[in-house]
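Two complexes, one shared chain (subunit A), two partners (subunit B, subunit C).
This part shows the complex of A and B:
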């Protein structure tokens, strides 16, 4: 792929209900901040990509309504919708459109306003003939595969609770994060309301209202506009087959993520991800998923994920900080969540992470998760 | 504004369509499988030759969230990159072309599918309109088209007769699974559905799937996707000049720029526009400047019947097919979505010597 970089990021304040803002207003809040961050004006944008899951708000073609808020009026604008990966797939679409030679600057905006819809519409993704009668939504599906994962790899509820605590403590460093729980403890997570064994309330991500935007630029523009562009070193995407019964624990052990990571690392020249990556922003909708994905992403061998969290390897001061932003466990406007991963990874390369900055971050990983184990992997770095 | 050209060539290698019927009893997956198999047979390739998939569909129409999940297996996106664009199918093809030009993939399968028979499509389009100012009025895409037509007909007493003639002619040119041919007089006697549009003027909507294989490898095909452009207009009808498709004019300009050809020169010998109503054909001519030198919708375009989302990709397929048969050297395929053509997409196709 031709040189492409992320040169600006912007996100809204995320909350359970942003009653003060309409969907276009959320989009504008994030888009305007991204433009400010990149130091460009609306007229500098050549094209726009929007990421959103329309059924969550009951909209058809939501870009028609929110396009102008994303500075898209009179410009090329397309919407990407692939479940939880909408945001990362939208970013990859923006990378491809710039790399194609069509555009110099593309704005990618992801948004979701869950308070105006219902996430259980997500159940409709199941096959109406075979799977819908037994569909249980994200919590039930994760509970099934998490149980199998625990049995096979020896992960414990305590280790998962440590992930849940790490995410919420990191979120206190992030002024945009939805959940702010500075006093959270492992005991509190383990005592929180059971949802579906072994998952408890604090093991799960929240539902948030929010939007996030990134500015993508071609090589020359990027060098001109940002002293430290976050260059796109690699992207990889894998989708999975759609039947619950055929998926079983793959929902969480994710051969898709493993394969996508292998491809992305090869493209980026990364051999030892734990050593060579400086920071990772991964899309973990449930605490246990982060552990499973340490393994899928090659941060450790199979069965070693529990040790990684126990030893603090992925804490802010560890060898590879994972989700300094607080992750999806702290903020989850679905269509925006993937864009947030990429924006937070880029922010680290830009050196603009504020209290959540990882000192000297030069190589960053962002991942997306959606539907049934669909995976996106993106590697950003401070050099093209 | 940068008007870049594609960094790598993109060829239209395989075409597959189910054709349009009022109600197809098959599942979405079965319909898409037929289109994909036909496109592969046409391209002389298999799933193994395809690096990535781009699909186009509507969640609310399919009754599925992330509705590409209905076709993941039949497009063989399992353990493969897949992207879904929620717009007209031609826009999905343009994004696929950008992926190829970017050097990310060599061969991409593009799929568009919709079953208008599964829901009240016009009612559904209300859910695409601004829920604060427009949706409470009960306005749908048909009403928006009617308002646009009314604006054009305001000082044009001959408009209704002319549109009836266009619709009658286009229906005669194509074969249809819907009601057969009818005269302009019969169309003028059909009921008003969104004044001044009458039932007989509207392209009937049904069920269809279309698949197209795009590739950087063009040995087997004489058709190249030389230029592409798309555009999103302001949403509110009050914020636009409804007497024009300015968005199409911009998209057309970008596509011609990307293809390295000037606009305004009669260099297109074929156009396949996505017009659901006859006044849109006049808007299309105005935006592109196409006159008598350009053959427009020789098989009737969308008027014999079409399906939402599939429409624009089927226009690309129709144009490419005619070019292969030697019927044109340079063609424009067009897709549109949203109220009164808010979203516009075009592809410039060129026959290889």
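This part shows the complex of A and C:
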């Protein structure tokens, strides 16, 4: 396969409701910034990938209706719609298109405008025979799995609250982040409104309006256009069986993320992820998930995730800063969220992270998480 | 900043879905308070809902096994912010209990309501039993909820 790198990123201001911009305008805002960052013009783009969950907005064919704003008119364009993994899988699709030699420059754009639609309605459209009568939604489903994770691994509500606080404190250094809560405390998290036991409002991600784009380039073009390209070292994807009841002890086993991480680390030559990774941008829709992902991603042994957050290992000044951007817990336009993980990981390699830059970051991890358990793992580095 | 324009759309739609033979047999069984799972001859896993093929072994499933309407809580929560019922657009009155229930005779779990919403009275491993509605229609909500056996 040909070498592939991320050479530019762009994202919108993310907010609860971006009434100042239509869906295409939101996409154009992110896409134009990514082109500027990469130093290319629209005509340099060979192909476009769009990531969006159209059922959430209730508007069919996003690739038709926002494609032009992503400079896709007259070009190859495809759409990825796999829930939370839409963005990371869209990026992986773009990487594959360039790695294969099919195209030299691909633009990947993810977006969601939750404020315009009915996300919950979209999420209930599952198997009509089995789940619809008894659907518990994203919050309820996570709460069920969290009850098992807490019972088996002994994590506490306080440790989860520490994750929630870390995310929102990091978000204050990210001008794009939706939630800005500089004074947040664990007490405030623990006192926030219960959603589904033991999950509280501040344990959960928000719903955001926003878009994010990356420019993917082949080796020669990447070297020419960016002094520090973020090279794609590895990608791995795993899907699962269809029902939540199929996935026994979901957060505990998390075989999709575990297997994808193992595959990605092997192809990137990573043996000790906590030591060898410099920064991670992981898809944590709920505080407890971040703790479970620490274990699945091999940052610590099983049962050690609570200690990792207590000891500050994943704070900005820790051994492995996790989600300097503030993560999904601070910003979640679903179709864009995976692209944001990849863009933020790439920014760290580019050395363009501003106030959220991890000094000297050379190897970065980005992950996606979708529906009940789909997983994407991507490793970026400063050398091909 | 432009004002959002509200598009007044109300939809009243019907859908019709073709069930697999496996799901059709399962739904017919529910009309008689009968629950059946399909067992994989490769890995031995007993699947609810029944489906044509085992996702792990890729073998066709045809070995029907009986499942009791009792089992154990494999996971639980108490929901305070209900999700919409996708069929009616209404929400259930909160708070209410939900669980992943491993019915005796099945290896997968069933996501369903639990008639208990006091977290101090819920725990993994509790025995639960289905409470069936009076007029059975061959759908998963023929089971109204599960009651905790104490």
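As a convention for this text, the second predicted complex is superposed on the first by the 376 of 384 C-alpha atoms of A that agree within 3 Å, B and C clash if a C-alpha of one lies under 4 Å from a C-alpha of the other, contacts with A are read in each partner's own complex, and residues count from 1 in each chain.
Just so it is clear, a contact is a pair of C-beta atoms (placed from the backbone, for glycine too) under 8 Å apart; a residue touches a chain by one contact, two chains touch by 3 or more.
Note that the structure is predicted; figures quoted are calculated from it, not measured.
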| query | For A:338, is the partner it touches subunit B (first), subunit C (second), both, or none of the two (neither)? | reply | neither
| said: In the overlaid three-chain picture, which partner chain does A:67 touch, first (subunit B) or second (subunit C), both, or neither? | reply: first
| message | Quick one: is A:55 in contact with subunit B, with subunit C, with both, or with neither? Answer first, second, both or neither. | response | first
| said: Is A:131 touching anything from subunit B or subunit C once the two structures are fitted on A? First, second, both or neither. | reply: second
| said: If we overlay the two complexes on their shared chain A, which of subunit B and subunit C does A:306 touch? Say first, second, both or neither. | reply: neither
| task | Tell me which partner A:87 touches in the superposition: subunit B (first), subunit C (second), both or neither. | result | neither
| query | Can A:324 be said to touch subunit B (first), subunit C (second), both, or neither? | reply | neither
| request: Answer with first, second, both or neither: which of subunit B and subunit C does A:285 touch in the superposed model? | output: neither
| field | Contacts of A:273 with subunit B and subunit C, given as first, second, both or neither | value | neither
| field | Intersection of the subunit A residues that touch subunit B with those that touch subunit C | value | 121, 124-125, 127-129, 241-242
| task | Would you tell me which residues of subunit A are touching subunit C in their complex? | result | 17, 19-20, 115-116, 120-121, 123-137, 139-141, 143-148, 151, 193-199, 241-246, 248
| query | Once bound in the complex, which stretches of subunit A touch subunit B? | reply | 1-2, 22, 46, 48, 53-56, 58-65, 67-68, 72-83, 89, 92-93, 95-105, 121-122, 124-125, 127-129, 235-242, 255-256, 259, 370-372, 374
| message | With touch defined as at the start, can you tell me which subunit C residues reach subunit A in the complex? | response | 1-4, 15, 17, 19, 23, 26-27, 47-49, 51, 55-56, 74-81, 83-87, 98-100, 107-113, 119, 124, 139-141
| said: Please output the residues of subunit B touching subunit A within their complex, sorted ascending. | reply: 1-2, 4-7, 27, 52, 58-61, 63-66, 68-70, 72-73, 77-87, 91, 95, 97-104, 124-125, 127-132, 228-235, 246-247, 250-251, 254, 258, 337-339, 342-343
